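What follows is a group of structures, each given as structure tokens.
Same chain, two partners: chain A is paired with chain B first, then with chain C.
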Partner chain A sequence: MVQKYKYNQIKIKNIEFMFGVFTLIVSLMIGMIAADKFQEMHETETLYPSYALTEISHLSDYNPNLKNTNGNTEIYFFNSDSAGGTVLILGGTHPNEPAGFLTACLILENLQIKRGRLIIIPRANNSAFTHNDPQEGQPQYYTIEGIKRERIFRFGSRITNSIDQWPDPEIYLHYPSGQKLAGNETRNLNRAYPGRADGNLTEQMAYGIIELINKKNVDLAFDLHEAAPEYPVVNAIVASERSQLIATEAAMELQFEDLIYSMEPSPYNFHGLSHREWQDYTQAMPILLETANPIQGRLRGKTDVSLLLTGRDPMYLKAAELGELHVPYDSAGISIEVRVGRHLSAIKTIIDVYSNIYPDKAVEIINVPDYEEIVSKGIEEYF
Partner chain B sequence: MTPEMVIFLVMLGLFVISAMWWKLPIGVSLILASTAGALTAGEGIPVRHLVEGSFAYLDPILIIATAMIFMEVLRKSGALGSISRLIIIKLHTKPVWLLIFITLFIMFPGMITGLSTATVLTTGALAAPAMILLGIPALTVAAMIAMSAIYGMIAPPINVPAMIIGGGVDMPYIGFELPLLFATMPLAFGVNLSLGYKHIRDVNLQKILPKLGKDHYEKYGFKLFIPLIVVVILMLGVRIIPEYFPNLGVPFIFMIGSLIGLFCGERMNFWQVSHKAIQEVMPVIGILIGIGAFIQIMTLTGVRGMLVIGSLSLPDIWRYLSMGTMIPLFGAISAYGSASVLGVPYLLAFLGQNEIVVGSALSLLTGLGDLMPPTALAGIFAAQVVGEKNYFKVLKITIIPAIVTALWALLMIYFANLLGSFL
Partner chain C sequence: MLLKIIYQLILIFIILLMGYDVFKEKSAWLQLTAALALIPFVLRLLMIK
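And then the complex of A and B:
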């Protein structure tokens, strides 16, 4: 009897042990499958700069602390033969806003430059391209069947990868203003300006960009974004005190092409934003552009690559009927062509207005499509 | 029926079957339900999504686990008992002040961390034994702690849901102090006095003293409280003078406190203590991981969008009702998630009202989410600190305070402009 009891005891212990081992193996397998998927995101997509390219440097040239970190990123210089001004275009501040990144890539791969100089940083927050926002269920990649080659681009996160910067404080104290924001905004490049040379990784990136603007005497600087269609600042040009004039004039010209933009002044009391701090810490005229992007919105339905590229969504259609949106929205959606096209037309118009007002600082780029052209031909035409 | 509705019903159905019928742990049931939802939506078994979603709670999990170890160390060292002793002996003759002091004492960690769980597990656990000895029933004590923890999380200076809601519309976290005090303090004092006062009107110290147990304070003196003081200093320091304080993170601070605690009172075996703490907290960690995957699949398949649009599309009067119910209900999944997913659209729907007051009130509603099962973090841990296994018994007592809180929040929104001119 005692013998049998002991035997049963051992048997139960064995079963428990085996179940433990089994659970461990299953967890490891799940972990490995997921880790492999996450790891893939660290492979940078190849870009094919146009022949106008004169130099590639890195953000670490402007903040050496970024060397050998995931915060480092390429800076593409396009110098013309004739003197003029310098324009900077930032894509990928928020890698979950694909139109900003794609616009920078499209210009980079197609442009020719006649006057002045253009600097492009397509992946401003390189680290944020290497992961996705948990609980957003967004795709890791999207494909564009370009006429030259098939292109697979990454869809990333709004903020720096926590592998590169962790843990977040419970509260983000912006440097140097001391402004308080939710802790994870510590990893938001567009809340980190002017940054610090030896701050956290995101602050280091911001500092590098400020240094670049100052050292290369950038005259006009664009930060390309997208926003949820229910967000009040959408289809907007945000300008600071210095850039207000050219932005207003450009918005009027764009209106003639039926591209409606709202003009938003850079708020005085909200710190860390590119336009606010570029105004205060550099000589450049800052411009931030927003288009409406359903896949980053809170009202969206099924979250997939098709939503990313077409912007078509039955939930947003209902939201539009309810009057929740700040942009016109119908069953046609808001395609990636519309969003990239708006960015392209706005950039071209603002550069033109600037060049007219400051002829000795003029910049002239060609071979970049405008809204009309990309909407009729499709984005595939340019990749 | 829309495909989103079908997926939602499949997920809910499998969750209920798995948790109630098969009696599987809630965390496991949530993962099964998420997988079923993904399969129904034709997404296969999206391992990446399941893992990615659960990572949203990595930080809260570390905080909860380390806070639990810290509390267990304080219990074993004798610090917990000594604090109860001191509170009772010093304040038993002034019941109103005693309750106000206990309320503020419990709320304090929530006010500086913005976390309700950190509150329940630290000062909540410290105050619980004293409150029980004073004669308040254990379940009422748990309810008082849970409610105070929620008010603490919403009270200034740190209110993470308000920051999340504000962040969604680019509103800086400035000028929230008075509206948030207005949103929390009257409720906190009112709820705790109405729940507790009748039990402690006349306390007989001589009857209680023998029950207080050994006086560790006599033996170890001030040393007992060093771990607690170190934790408070480290948490406050990084907020008040961030230039001079490293950002250690809450989990690391709790671990430092735990290690110091080993040398500041009764001896203990650290491995046994931490083993016990982790074992107690494991089911909650499981729920958080499951919930993370569940939300990710709801978002991926469009169910989340359906729920948000559904609650926004109600007519005006119903909109208040839906706010008062949907935000706390969604908070069952997580208060922060609710702030982001529902809090932001609702704030947008009320643009033009005083946005700071509306945002403060919405954050109060998200706080109530910590009372909603299955997660009910504040409720679960409050039950745990008074030794009650069934947290539904605690939640039952919080129903009326929760309804009062929701009404308070809705009134704040309705009178936002009026309040805004005063606050």
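And then the complex of A and C:
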């Protein structure tokens, strides 16, 4: 009887052990699949620069500490044969704002340059492209069926991947102002300027961009963004003291094309922002552009690729009817064409205004569509 | 760097405890739960996620 009991106990223990081994193998397999998916996010999509491309360098050329890190990113130079000014376009400061990234990519793949020089950084915060914001349920990828080829782009996060920069402090103290912000803002590139050569990874990226602007004598610098439709600074041009004149004139010209922009002055005492610190630490004229994107908003419903590309959301329609939004919104939504088109028209108009005011520093780019063209033909036409 | 090593040592300790739990739990459901809960810790240890 006792022997039979012991035998049963050993048998149960063996079953428990074998089940333990089985569950470990299953979890290992699930872990490997998950690891593979996470690693895939580190692969950057291929970009196809236009024939006007003259040079590709890296941010690590301006801050060597970025070499072999996920903070390093490609910088595309388009030099013309005619002397003129230098314009910098930054996409992907926040990779969860796809119109900024796509605008930079679209210009990069289509432009021809007649005068001056254009520098494009499509993935300003490369590390933030390698993960998604937790608890947002946002898509990891989106597809654009371009006429040349199908393109799959990453939808990333607002901030640097915590794998690359960890841990977050309780309170983020901005360098050098000492301004206090929430701890995770320490990974926000647009709160890290002017940065430090040997600071945290995000500060290193910011420092590299400041160095690029100064070493390449950038005259006019754009930082492309999107924001939730309920956010007050949306469909806006943010300009610092130096760039306010050209931004205002451009906003008036854009109004003739029925593109309404609010003019927002760069706040003097809000540090770390591109427009504030590019004003204070470089000679460039900084411009930050915002469009309205429902997939970032708190009021949104189903969060999928369709929302990302069409901007159509019944909750936002309701919010618009209640007068809670800062942008016009109807059942047509705010499509990616509208958002990219606004950025393109604003960039082209601001460059034109700048070139008229400073003819010796003029920059002339062609073969880049404007709002009307992209809305009528679709974004697929340009990829 | 030192902070990262301490962090990873803590992770190894938790992973070992959970791995031990996978074999010691009497209930199959709890064994499975422990094995699945291991995944994010292992991914973090390997600095994948």
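As a working rule, the second predicted complex is superposed on the first by the 350 of 383 C-alpha atoms of A that agree within 3 Å, B and C clash if a C-alpha of one lies under 4 Å from a C-alpha of the other, contacts with A are read in each partner's own complex, and residues count from 1 in each chain.
In this section, contacts are C-beta pairs under 8 Å (C-beta built on N, C-alpha and C of every residue); 3 or more make two chains touch, one makes a residue touch a chain.
What you are looking at is a predicted structure, and each value in this text was computed from that prediction instead of being measured.
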Next on the checklist: Which partner chains sit in contact with A:I30 here, chain B, chain C, both or neither? Use first/second/both/neither.
Outcome noted: both
Next on the checklist: According to the stated criteria, A:P167 is in contact with first (chain B), second (chain C), both, or neither; which is it?
Outcome noted: both
Next on the checklist: Tell me the contact category for A:A182 with respect to chain B and chain C: first, second, both or neither.
Outcome noted: first
Next on the checklist: Which partner chains sit in contact with A:F38 here, chain B, chain C, both or neither? Use first/second/both/neither.
Outcome noted: both
Checklist entry - Where does A:Y231 make contact in the superposed view: on chain B (first), on chain C (second), on both, or on neither? => result first
Next on the checklist: Contacts for A:L245 in the overlay, against chain B (first) and chain C (second): which applies, first, second, both or neither?
Outcome noted: neither
Next on the checklist: Tell me the contact category for A:M263 with respect to chain B and chain C: first, second, both or neither.
Outcome noted: neither
Next on the checklist: Once chain A of both complexes is superposed, is A:V305 in touch with chain B (first), chain C (second), both, or neither?
Outcome noted: neither
Next on the checklist: Applying the document's definition of touch, where does A:F19 land relative to chain B and chain C: first, second, both, or neither?
Outcome noted: second
Next on the checklist: If you tally the residues of chain A touched by each partner, is the higher count for chain B or for chain C?
Outcome noted: B
Item to check | Footprint overlap on chain A, where chain B in one structure and chain C in the other make contact | outcome: 30-31, 34, 38, 167
Item to check | List of chain A residues in touch with chain B within their complex | outcome: 30-31, 33-34, 37-38, 132, 134-137, 140, 167-171, 173, 179-183, 185, 230-233, 267, 269-271, 298-304, 313, 315, 318-319, 322, 324
Item to check | chain A-facing residues of chain B, complex | outcome: 4, 41, 47-56, 59, 113-115, 158, 160, 163-164, 167-170, 172-174, 238-239, 242, 247, 249-251, 292, 295-302, 305-306, 308-309, 312-313, 337, 340-341, 344-345, 348-349, 351
Checklist outcome for this item: chain C contacts chain A in the complex at 3-4, 7, 19, 22-23, 25-26, 28, 31-32, 34-36, 38-39, 42-43, 46-49
Next on the checklist: Taking the touch rule as given, give the residues of chain A at its contact with chain C in the complex, in rising order.
Outcome noted: 16-17, 19-20, 23-24, 26-27, 30-31, 34-35, 38-39, 131, 163, 166-167
